[in-house]
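First comes the structure, then the notes that go with it.
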């Protein structure tokens, strides 16, 4: 499951990827923090994506993870629009027979998503200002 | 949250540990596989624990993770009793400001739990046999 | 020929719309599409060096040629997660 | 003195019960509690080298002394996860 969604992410949908032979499931959730990288209070984040390209990149990243870490199944979902503090912006589920591949694939996927996927984030500050955050 | 439980693990309870400053949440789920390490079909697993000692070990492991990886909050819950294929035996949630500490702490916790915690697993096979699995 | 242009995040804000059609002469390249957008939008000049282009969903260099109906997206530095 | 003994997994199965009280002479050690259990249970002999002992929740060596009311747990190799 690879998707850009507007509504809150439902982790149970992602967990449907787990297969009967999978013994380890590693998950990553990105959560909107109350402070920016520079410490300023944040009221929320606004995300936008080039949806077709981002979803294609999710698929590519999952394929690369399989090449690197073996038989691992991935789900990657990123939310767009206005998010409040505490809401989940991205969810990644990696399932494999054993935990090493699941952890490695999950971490690879979030690292690559952050550096490559066509998704943009704007921090919105308590003082009314806003700034786009580039990788 | 550190616990040995008899009923199905409710991940939402574990996720209550996430604090407003946490931006990364890494989770590990151990799932009962349909085959044993040697490939034999498994109908289910039976887990038992020395509960007081296991819970104390979970707390110790979480303390060690904080020493190693910084300010990271952990929840560790292991289920005991009869589990069927596909059911969750262990759930670990690690929350930190950034993803590296969350991933590192989550992986440390499951690795240490498997090698140290006073929990035992019996594989129950399709042919009616059963075997205790030691680390 | 007509080219569809998409812009995201800061570029979208500078452009004022998320997408637009551009009329370009046959043989135009991605850089020509960018130049057409930048005309009258000085703020875009500062964005050029950090902007990547995608044509029909694939990253391409700015000297890539365009064809009638292509969809060109201009992408500022990404920041998902 | 009376010692409470706990056994888990394979050891529990060999013992037949998950816990029992043992009467031991004053000055007895963990190894004496084990020996008392092993009397008449040949299968326990094979388990000795892989078994760890905990006294009141903490791992102790087999030569650790016991006191009235101690809870001694015998732990086979663990396998959680």
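Going in written order, the chains are labelled A, B, C and D, and every chain counts its residues from 1.
Methods note: a residue touches a chain if its C-beta (ideal position, glycine included) is under 8 Å from a C-beta of that chain, and two chains touch if they have at least 3 such contacts.
As the structure is a computational prediction, the values presented were derived from the model and not from experiment.
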{"item": "Other chains in touch with both chain A and chain D", "value": "B"}
{"item": "Chain separated most widely from chain A, comparing mean CA positions", "value": "D"}
{"item": "Chain centre separation (chain C, chain D; CA means) in Å", "value": "74"}
{"item": "Distance between chain centroids, defined by C-alpha means - chain B, chain D (Å)", "value": "26"}
{"item": "Between chain A and chain B, centroid-to-centroid distance (C-alpha), Å", "value": "23"}
{"item": "Per-residue overlap in chain B, given as positions that touch at least 2 other chains", "value": "30, 110"}
{"item": "Chain pairs in mutual contact under the definition given at the outset", "value": "A-B, A-C, B-D"}
{"item": "Residue ranges of chain B touching chain A (in the complex, touch as defined)", "value": "11, 18, 20-35, 85-86, 95, 97, 99, 102-103, 106-107, 110"}
{"item": "Touching residues (chain side chain A, partner chain C) in the complex", "value": "30, 47-50, 52-54, 56, 78, 89-90, 110, 113-122, 132-135"}
{"item": "Complex contact set, residues of chain D against chain B", "value": "6, 8-10, 12, 50, 54, 57, 73, 75-81"}
